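Next come the structures, one after another.
Okay, so subunit A shows up in both of these, paired with subunit B first and subunit C after.
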Partner chain A sequence: MTEIKHHAYLFDATRCIDCRACMVACSVENNIEMDKTRIWVAGLGITGQYPDLQRGTMVYHCMHCEHPDCMSACPVGAYTKAEDGPVTYNPDLCIGCRYCMNACPFGVPHFDYDKGIIEGAFIDKCTFCPQRIYEGQEPACVQTCPTDALEYGDRDELIKIAHERIAAHPDRYIDHVYGEKENGGTSYLILSHVPFSELGLPDLPETPVNEVSEKVMEMTIPFALGWGAVLTAVTAGVALHDNKKKAAANKKAETKK
Partner chain B sequence: MKLNLTIQPRFRLNFSPLVWILLTLMGIAFVVAMIRYAYGIGPVSDLSNSYPWGFWISFDLFTGVAISSGGFLMAGLVYIFRVKEFEPLLRPSVLTAFLGYIMVAVALLVDLGHPDRIWYMMIHWNHTSVLLEIGICVMSYLTVLAIEFAPVVLERFPKLHKIAHFIHKFIMPFVILGVALSTLHQSSLGSLLLIQPAKLHPLWWTPILPIMFFTSAISIGLAMIILESSLSSRYFKRGLETHLLEKLARALPVMLVIYGLLKFGELAYSGELGYLFTSGGMSLLFWAEILISIIVPTIWFSIKKNRQSANGLLAGAIIVLLGMILNRFNVSWFAVKHPDPLFYMPTFMSNVKYFPTLPEVAVSIGIFSAGILAFGLAAKYLPVFEAERETEETHHSVRGLKPVPTSADD
Partner chain C sequence: MTNTISRRDFLKLGAASAGALALGQMLPPRVAQAAREAGHLNAERDGYIPSMCEMCVWRCGLIAKVKDGRVVKLDGNPEHPHSRGNLCPRGQSGLMNTYDPDRVLTPLVRVGKRGEGLFRQASWDEALDIVASNMLKIKEKYGAEAMVFSSTHNLSQVQFENLLYAFGSPNYGTQRSLCFNAMITAFSLTYGVEEPSRKYDDVEFILMVGRNMMEAISTSETSELSHAIDRGAKLVYLDPRYTKTASKASEWIPIRPGTDSAFLLAMISVITTNELADCEFVKKYVVGCDDLPREMSRYTTEWAEKITGIPAATIERIAREYAAAKHNALAHPGWRTSNFINSFQTERAIATLNAISGNVLTPGGCLSAEVAAEGAGLGMPKQPPYPRVSALRLDGVPWKYPLVPLKLGVFQELRDAILTGEPYQSHGWFISRQNPILSLPDRAKTLEAFGKMDFIATVDIIMNDTAWFSDVVLPEASYLERYDPLLPVNGKAFIRQPVIEPQGEAKSALWIYKQLGERLGLGDFFQYEDEEDYIRQQLKPLGVSLEDVKLKGYAEMPAEESDGEITFNTTSGKIEVYSETLKNAGFSPWPTWEEPLMPKEDEFYLLTGKVAQQTQFGTQNNQLLHKYSDEPRLWMNAQTAAKLGLATDDWVEVTSPVGAVHIILLATEAIRPDCVYMTPGYGHLSKGVKTAYGVGASDSALHVTYTDPISGGQALSQTFVTVRKA
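Showing the complex of A and B:
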């Protein structure tokens, strides 16, 4: 295997057979309860008219965005984006506000709604199996996939492979690699034979959804300082004007006497 | 031993029916909160992975902060612009803001997954997070409001008048800080939704959400001052400052029209006017909001007769508040679309329709009841509504601002 500079997944919807072994592998590897999996598979059923029948399956987990919205939203900085790809979550900082869940356009982070404050309710999401990838192994879901629907490798290389595959079988694929540009790029790339919206993926622009919000936040401190200065100036101005008026009134009263 | 049944109880709770109702509602909320702390948010609410934020955020945070905006308006008007005739309205509005923000903080302690870690916001800063700004602003503004309101409590005790004087001497920096924090914070509640361009309906999502929130917060603040003065004058049978409220009511149509122009102007600018008629239920919701929050109250308060009668003022204020609360619910809940539940949600996310449960609403109602009770107690036992005028000549504080009465209790 070549050296991996930027860890990424490639999912090929045409290869997935809906066996869900990845879900089991993930839960076993990361010790997650089965009903709280970090990866989930949705079958779209069989579509089309005979003899052109199709079936589609989609494997969802964290998209490991290049500009993660969860990380942008988290007030206490519980999320980190590693330079080489993975987006990870630190439960020790989490205050449980669930703003990351609102921010993520893919609806990835999920929360322990069944835990009280003694057990502690946390956010959970795919971690990219750091315990495996930094030891030269594939993530658990990828390793277990029997049809190579899930692949793992360097992002640039996977994008190249994806485009080559589309070029080799233009009749089989939609000519688009989802995640190459969506939301500013993601490290989970998707190839499909059915429109991506049918796989339940949102139609996103090439700029990350946190763009406007981050710009506004950048302006906040200068605005606050400026506004504070304006208010102080107005206060002083009004006070000065008021005192002058009062002095004038006093003078008038005195001269009258 | 024979019981003496004629003995009088030494201690008797003698509350009015309203107080009993409020206490009961608070008790229910307390029980629900305890269940939530023991077993999690899931058992008491309908919140889920598809709907992480619901009634608590829309009502307690968005509405709660909005209706607390009267405090900074009056503080700004009386202290910064020295429009002293509004002084009688200052203390009640600061009290409302103070209680409103405490209610927001208490509600967040129920909604947060780790309420014990709320102070993490003070030490772990993520500069790109709007929620951090809101957290910092709430905490600082609560402190400022406590300082602004402290003299009212201190004046109650003759021995503490010196401290009240001392606070008055240095009140100006806090007033300026309070107004600045409020501006930031009212608008940043709008910024909170900027991160959802893919989820919030385009009729509501706009880059100028913070400006819209601030503009509407001014109208809400004005309406709230009218409402609280009207209600408390009815309940405590004291006089109503109709001439002052009339002036506030005159400003309302202006603010509402500016807000309306912003709203439609932005839609026209971004070429989204089409959504006004083509989005089905969302278009309907938008028009309902515009009708109740802008059109009806603008007409209502443009009529002089309505502004000058106690009933007219109260009714108009209620219309404004209903419309603006609908706006806050729309942007934070009704118009937010989460990822397509049909394919995207795994089994554990099966709860894809959100409707608040009774216990969930009970928590909010209980906290709100506590706020009303606290307002009533403060109005009854603290110099909130009176004691400002009579000592004006005898006791000017250094800057010639609000006098502190020293002889009231002597």
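Showing the complex of A and C:
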């Protein structure tokens, strides 16, 4: 394997046989409860009418976005985008607000009530198996995949491989590598024989959503300060006016007496 | 609340199971000690140990990650040709078989009525004495043949069979006739090879007849098929159901059940009458090639269209595409081929298709007759000759089924002979790794046969259905806790070694059979001190130490010399498309068409077939697999269901001539309108398997017993059922 500068996955839906070895491997490797799996396979079911049928399967886990929305939504900085790819979550900082869950366009972060209350780890999601990848092993889901539907490597390298595969079999694939540009790029790249919307993937612009939101958010403090000043001025003005009115009223009352 | 660990919580086992597992951890850490000495584990008892999977019979190599004396993760061993670093979902979940809260951890002796599930714990000495004394009592009173033995493919089977032959009983029931008799008998008669291996390196055209490779996963072969498809090889797949393999195929042919051989015979006819075969190879190596065109000429594509429902033009095109690929074409032999009375003929037609494409043994050919015999080239403990057995076999081999290979047998016939008491009555049943109650067709009959027995003993790791109805249950160590005999694969002898201590008092099969053998007065047949000594004796001819093998996971074996001459282990030394042996036994010497039974108008073919997450009836209690399996439901074509007023999630009653079950319906486009499908192996009767109990329904409760007179295979798809709202 060439040196990996930017860890990434490539998922090829034409190869996936929905065997779920990746799910079992993830559960065992990361010692997570089965109901709270970090990876899930959607057997998207069969489309068409007997006997003209088609089946699609999609393996979902964290997309490890280049511009993670979870990270920009997190008010306490519990998420980190590592320079070499993985998006990680620090349970020690998490306050359980669930903003990340609403922010993620892929519905990835999973809220864990039990763990949240007992251990203070509210959110569960794919960690990219740091215990494996930094020891020279593939992530658990990738290593076990019997059909190489899941592959692991350097992001640039995988993007190249993906385009080569489309070029070699243009009849087999949709001519697009999902995640290369979506939402500013992700480190989970997807090839498919059916439209990506049929795999349940959102149609996202190339400009990351949070580039806009973060710009707005960056204005928060100046805006808050400015708005504060306005409000202060208004309050002061009103108070002044009130005082004048009061003074006038007092004067009136006094004259009545 | 029961004391079982709920599925939701089980992965907290690290902490939660401390109570359940404490017994195992208190034992002297012999395995850990050995593993530390071998360099696998560090002082903290953490590390990686190579071994072999046993979640199915493909036997992938694995590497177990051990932490503080517990196995925490299994990965595929990159050095093992069956796994190449991968494991399927069953292999990944293997540690949950070991840490199953329902494990039987001490010998048990029945105290209630059979099937009540009331047992008391016993010591090994007491339990083994009870088993041995009952077996001896039966032998003395009725003869050794009154004891029936049952097992399934596994690495210690050689010692199970040793026990059976030494004891002197001819009555041995295995899964074989419920699985692959048709394939093995047909290929043995045609090629002299039980199961030819497949090569996908250069394959261009693959024909699969119901071999659902993407769900009935054999890790390396599934991977090879997937890569072949990826490369652009064409896969034509015949199956009444749109399986996951069908979804990956270039062409899915939803053929009418039972008519595969008509389709294949018509293909052979197209190829031979149009002289599209590999003549050079055929003339040299195939018996019957001169008369084949004449014999096959009656199987026209028009004839086959009427029977199969597949257009004649489609059959013609596929035959021509197959022939055009020459020796890069592969007609896959299949695996569980027990489908119809005529499945033997289907397999003969497949064998013939391969022969005429010249893909057998030729350079670059896709079918290889090289099959390594299990244990060949390894040493064995010394033993005296087995006693002569003169009693007839209850399964009718060979006196009723002359062509069924002796080692395959006819399990369903054996069960029926227990019931009828003909030609003689059997009285005891010793079972290891089998579950006749769920494996044999017609469960009610099997339960009745159990009732005929004076004594039943079962060896297993959990309280499977057969153990539940047994008198004594002997707890076996799981595959992560024990040694088994070495297994040679592609020039290497691989080891299964304990990666953790056995839990409770569980013991290896090698130990159990030896202990029992000694108590039966058959100690001379078990000349090994313990499991390690057994393997040392196996390794002796290789000059390799056990310690080396434990560290590496395998021993290199000397390469076998080949003289390059092609001969087949048949009477003629050639491929027998025409078989004199079949003719002499009164059967058609040619692959031929036999009309199968058909359902009546309101009936459905009952199909079964594997899912990727389960192996037969043995893994449903694995909590990980339980979680990641689809709920077992009865598939019915969506339009048929609508006509019957049925919808997905309705409870339905499925009735066959021998039983009825209740199950939830799945209305789907993915099945022929005249078929229903259910996942086999569910519907457990044992309340001792708490995860699996109450889930799904039993296919064995519905299956009617039909035996193919040539191969002895049980026809599992020949059961017809009616379905109504429950």
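By definition in this document, the second predicted complex is superposed on the first by the 208 of 257 C-alpha atoms of A that agree within 3 Å, B and C clash if a C-alpha of one lies under 4 Å from a C-alpha of the other, contacts with A are read in each partner's own complex, and residues count from 1 in each chain.
Rule of thumb we're sticking to: a contact is a pair of C-beta atoms (placed from the backbone, for glycine too) under 8 Å apart; a residue touches a chain by one contact, two chains touch by 3 or more.
Everything quoted here is computed from the prediction, not taken from an experiment.
In the overlay built on the shared chain, the residue A:44 is in contact with subunit B alone; subunit C does not reach it. Applying the stated contact rule after C-alpha superposition, one finds that A:122 touches subunit B and leaves subunit C untouched. In the superposed pair of complexes, A:80 makes contact with neither subunit B nor subunit C. In the superposed pair of complexes, A:140 makes contact with subunit C only, with no contact to subunit B.
Counting contacts by the rule stated earlier, residues 35 of subunit A appear in both its interface with subunit B and its interface with subunit C. Every residue of subunit A that touches subunit C in the complex is listed here, in rising order: 14-15, 17-21, 23-25, 27-29, 31-35, 43, 46, 48-51, 53-55, 140, 143-148, 169.
Of all residues in subunit C, those touching subunit A in their complex are 7-12, 14, 72-76, 85-89, 91-93, 95, 214-215, 217, 219, 222-223, 226-227, 230, 232, 242, 244, 246-248, 252, 254, 612-613, 623-625, 627-628, 630, 637-639, 668-673.
On the subunit A side of its complex with subunit B, the touching residues are 35-37, 40-42, 44, 58, 60, 69, 71-77, 93-99, 101-103, 105-107, 110-123, 198-200, 202, 204, 209-210, 212-214, 216-217, 220, 223-224, 227-228, 231-232, 234-235, 238-239, 242, 246. Subunit B contributes residues 36-43, 47-50, 52-53, 79-82, 111-118, 120-121, 124-133, 135, 172, 175-177, 179-180, 183-184, 188, 191-192, 194-199, 207, 210, 336, 338-340, 342-349, 399-400 to its touches with subunit A in the complex.
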